[in-house]
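Scrolling down, you'll hit the structures one after another.
Paired with chain B in one complex and with chain C in the other, chain A is shared by the two complexes that follow.
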Partner chain A sequence: MALHTLEFELETTSGTASIPAPTHVGVTGSSDLEVILEPAPAGKVAVRIVTPVTGFDELWKRVVKKFTDETALAGARIEINDNNATPAVVLLRLKQALTQATAA
Partner chain B sequence: MTHHDTRKNWRTRAADTAARKEAAAPLFAKGKEVLAKDTVALLEAVIRAGDVINIEGNNQKQADFLADCLNQVDKSKIHDLHMVQSAVPLKSHLDLFENGIAKKLDFAFGGPQAARVAEFIENGKIQLGAIHTYLELFGRYFLDLTPRVSLVCAYKADRKGNLYTGFNTEDTPVIVEATKFKDGIVIAQVNEIVDELPRVDIPGDWVDAVIESPRPFFIEPLFTRDPANITDNQILLAMMCLKGIYGEYGVTSMNHGIGFLTSAIELILPTYGAELGLKGKVCTHMIINPHPTMIPAIEEGWVEAIHCFGGELGMEDYVASRPDVFFIGPDGTLRSNRAFAQTAGHYAADMFIGGTLQIDKYGNSSTATAGRVAGFGGAPNMGCDPKGRRHPSGAWLKCGAELPSLDTLTGSVPRGKRLVVQGVETFGEGRKPVFVDELDAWKLAKNANLDIPPVMIYGDDLTHIVTEEGIAYLTRCKDMETRMAAIRAVAGFTEIGLSAKPEETKALREAGIVKTPSDLGIDPARATRDLLAAKNMRDLVTWSGGLYNPPARFRNW
Partner chain C sequence: MSNWKNLQSRSFLESSARDRALGLVDEGTFTELAGPFDRVTSPHLALLGDAVAFDDGIVTGVGRIGKTPVFVISQEGKFIGGSVGEIGGAKMVNTIKLAIDFHDDLVAKYPDLSDAEKPVVVISFETGGVRLHEANAGLLAHAEVMDQLQKARGKVPVIAVIGSKVGAFGGMGFVAAATDAIIMSEFGRLGLTGPEVIEQEMGKEEFDASDRALVYRTTGGRHKYIMGDANFLVEDTIEGFRAKLVDLAPLPVADFEAMRRIGSPEKVEHQLKLVALAAEMQPKDAVDVWAKAGNENAPGLLDVPFAEFVGSVKRLSV
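And now, the complex of A and B:
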């Protein structure tokens, strides 16, 4: 399985939420993914995605942007190890990771 | 007044049948028994070129030995057969067309042969009559598609021709009745010929020949879903369905389509459903096959009655041990019946919920793709608003009362509406968008020269769409513009979804036409497999007290 790495940053100007401590959810099983959320200074969210899927870079950006907008995330490092998850699953795991990080 | 009878003979069919049976007479061993080795000769004796023929087979049991034998007849004598049958899932069903024995096909469900059906239509090997719903096809058996010869299948027979179809009665009664009472010929393959049957499902004088097949008939455990494969996202959708639809409308009677979403719903009834206080208020009467994933809810006392289209491998003992819930014969085993279950699912039940591969921007949906003529089986009968319905119920009236356009056609007269729900993730397998501008069914219609695109559920019948983004209450939309906006609002990151306007979506949410998980008070973080009452096959066996006996391929412990 050839893997494709995608890295990008999202500027965050109005966000207020932050990550208190590193957290991890999910497993890189078929149609699933693991998400690692780490604290980072406010102003940007840095994203690194490792996935077997190519040709969906724009879609990944849209999904992560929706997550940061909806959760008003101010700063974080997001690492994703994907195994063919659908956008719905990606968004769900991101939200679960944030809930877990802020509950800790 | 003189009566001029211009017709010479009113019994031509009976005479023709008698002649065919006369030709077959030397082949009978004892009573109505014909030996397996004489089956091809029997078929050659009773079938004529151009006959309308039915081979019994649905998505479950299959008269597979008789289908194989029909492929071996002398095609210089027997050709141009018109096959009328529920499903064509076996290779042998399509081989009949490849071998030049059959020419025309009227059916309801293609299943695994869907790609070959499309190919054969395109290259002229199949003349397609129509893709029907089951009830529509069964109806035509009594109208203009009455079989001349039917090849059916049963567990057991005696030598008088009585059949025991038992747990998997399925389509046999409707096929045999249509065939026999129009002077047709009925041949049954059975797993075993015995002296005494557990019960008689088909009377012997409706059956012309019985054959003990060299092997038991093929049967597919199509409705078994391993809970281990249910995802968190499906659980999120299931939570929304329970709270935003089942609970909201108080839906007591329904059919659950095949798929992991409905399995997830079944498995969170005893957990999340109980938490919502829905026990006794929803899912009390169901038209479904014996889904193994219903076991926990049945055991917890949610369900009063279940009627089945067919059986499900491994569920025999469990079902037989719960006669208060299932329809059980005097012998103590289930009797399924597809025609009656479809009738109940069409007219009597308040809701259909299932999935699909594509939904267009107007809300029409289909599982047809350009290269596959799959047909839809039972979904369209149940996934539509039965206009003939007259009996009221809470859910039906509430759904009807929400229709803003009702008064434009019926004035001040109240009328209910069946809930028809499609639950989908916005992207399917291989990241294929489920929401599309135009259904692939249009391409299929063009390729296969169909008069109309094969739509599974029409937009005007669809009342709700559930995705990970939320629920679109289409029944509450006053016009097509609003309906399309509501669909866009739940279409996620698909091109259709990306064309949603935020201010429009906001207005729809305020009007209660679109509800997101948070509008419904559902925390997506709770959508985990911890909510499943059974997490794997072994848990289901445990819930059943050891009565459920999963087929080998599902025994993964």
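And now, the complex of A and C:
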């Protein structure tokens, strides 16, 4: 019943991109999510996801890995409050957060 | 962070709570307090297994308009309908309290401060009231906000801005009514029991919540402006609302007292006259009241372009 919290780390070996400043995007609306991206030393991306949905832990890991691979992220802390967003929406919001973080 | 200049021309209706808070005050002056990075989320929702938000659906902070310090509260309708729970409620209460304390300190230190230099509170409502998942805490928060509004009275003007999707309903409809001045856009909606709840409780014959025209001519900005429930009607842009705030912010607190719709024996007298008029007229629709106010083209009043409407509409006086 309680909220599901998923925490994991992704090793990043080849990434070069970093987060210049802490960034927040999105609203935990229905089928949506909010993301906090924070700077962290290169080498790993730490992820914390809070969601009402259970049973998709592997899918979450794949989506975040796709994001870090595609954006060549070297190090970051990602926190997500999710409200039943689809993987495509998750990926879009993560990319939006990174765009906003690097534009600031 | 959104770009302040780009925000100005944006539809207020479609703007997020944070963009509204940012855009209503002067460029670059907004500082968020208890924001998403503080991660104060609702403990009740987590227990129930419902999604939480880093800011609990309310943006609070402080900025400036001209010389006036502006304490801003902005509700996010996309997060559980902008409902007010324990955390969001505490953020509202303490923002108003902060404004009052700041005012008292400032006046004690600088006794000959001009009106323009004294703080105001701006609340951008987008809510149906109490969050039912944490109803006791939410109700208590409503009472505490009311308490702060009373404490602010005669010191710190509280201005309501209403023009977001969800409108201002439920307990927060009461709170909005208890502020000093109300600015609405024609897409803003204000009331106590929202359309869906009326339909659910009283049936579709009583109120058809899917009838958008009915909803807007009963709760919408144009109607509220004619009735005197809203003081000002502005265009649906952030700069539209902001321009009105720029006008209001430097005014002396006595001017705000005059804008109130409730809160003194005279105002009660006036409200009772409206009740008597309703009893005498037995209006079947808002249009009947618009005609009574002296509008010849009452049935077509919702279709008149905004500028023409504001320029020519006759408001109800009793």
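One rule holds for everything that comes next: the second predicted complex is superposed on the first by the 103 of 104 C-alpha atoms of A that agree within 3 Å, B and C clash if a C-alpha of one lies under 4 Å from a C-alpha of the other, contacts with A are read in each partner's own complex, and residues count from 1 in each chain.
In the analysis below, a residue touches a chain if its C-beta (ideal position, glycine included) is under 8 Å from a C-beta of that chain, and two chains touch if they have at least 3 such contacts.
None of these values were measured; they are calculated from a predicted model.
Chemist: Between chain B (first) and chain C (second), which, if any, makes contact with A:99: first, second, both or neither?
Modeler: It touches chain B, and chain C stays clear.
Chemist: Is A:24 contacted by the first partner chain B, the second partner chain C, both or neither?
Modeler: So A:24 only meets chain C here.
Chemist: With both complexes overlaid on chain A, does A:91 touch chain B (first), chain C (second), both or neither?
Modeler: In the superposed model, A:91 contacts chain B only, not chain C.
Chemist: Can A:3 be said to touch chain B (first), chain C (second), both, or neither?
Modeler: The answer is second: A:3 touches chain C but not chain B.
Chemist: Taking the superposition on A as described, I'd like to know which of chain B and chain C A:59 touches: first, second, both or neither.
Modeler: first
Chemist: Touch check for A:32: first (chain B), second (chain C), both, or neither?
Modeler: It touches chain B and chain C both.
Chemist: Check chain A for residues that touch chain B in one structure and chain C in the other, and list them.
Modeler: On chain A, the overlap between the chain B and chain C contacts is residues 32, 84, 100.
Chemist: Looking at the complex, which residues from chain A come into contact with chain C?
Modeler: Touch residues, chain A against chain C: 1-4, 22, 24, 27-30, 32, 34, 36, 50-52, 79, 81-84, 100, 104.
Chemist: Which chain B residues qualify as touching chain A in the complex?
Modeler: Going through chain B, the ones touching chain A are 231-233, 236, 425-428, 430-431, 467-468, 492-493, 498, 523-525, 527-528.
Chemist: State the interface residues of chain C toward chain A in the complex, per the touch definition above.
Modeler: Residues in contact with chain A: 1, 16-17, 35-37, 39, 41, 45-54, 57, 76, 78-79.
Chemist: In their shared complex, at which residues does chain A touch chain B?
Modeler: 31-32, 53, 56, 59, 62-63, 66, 84, 86-89, 91-93, 95-96, 99-100
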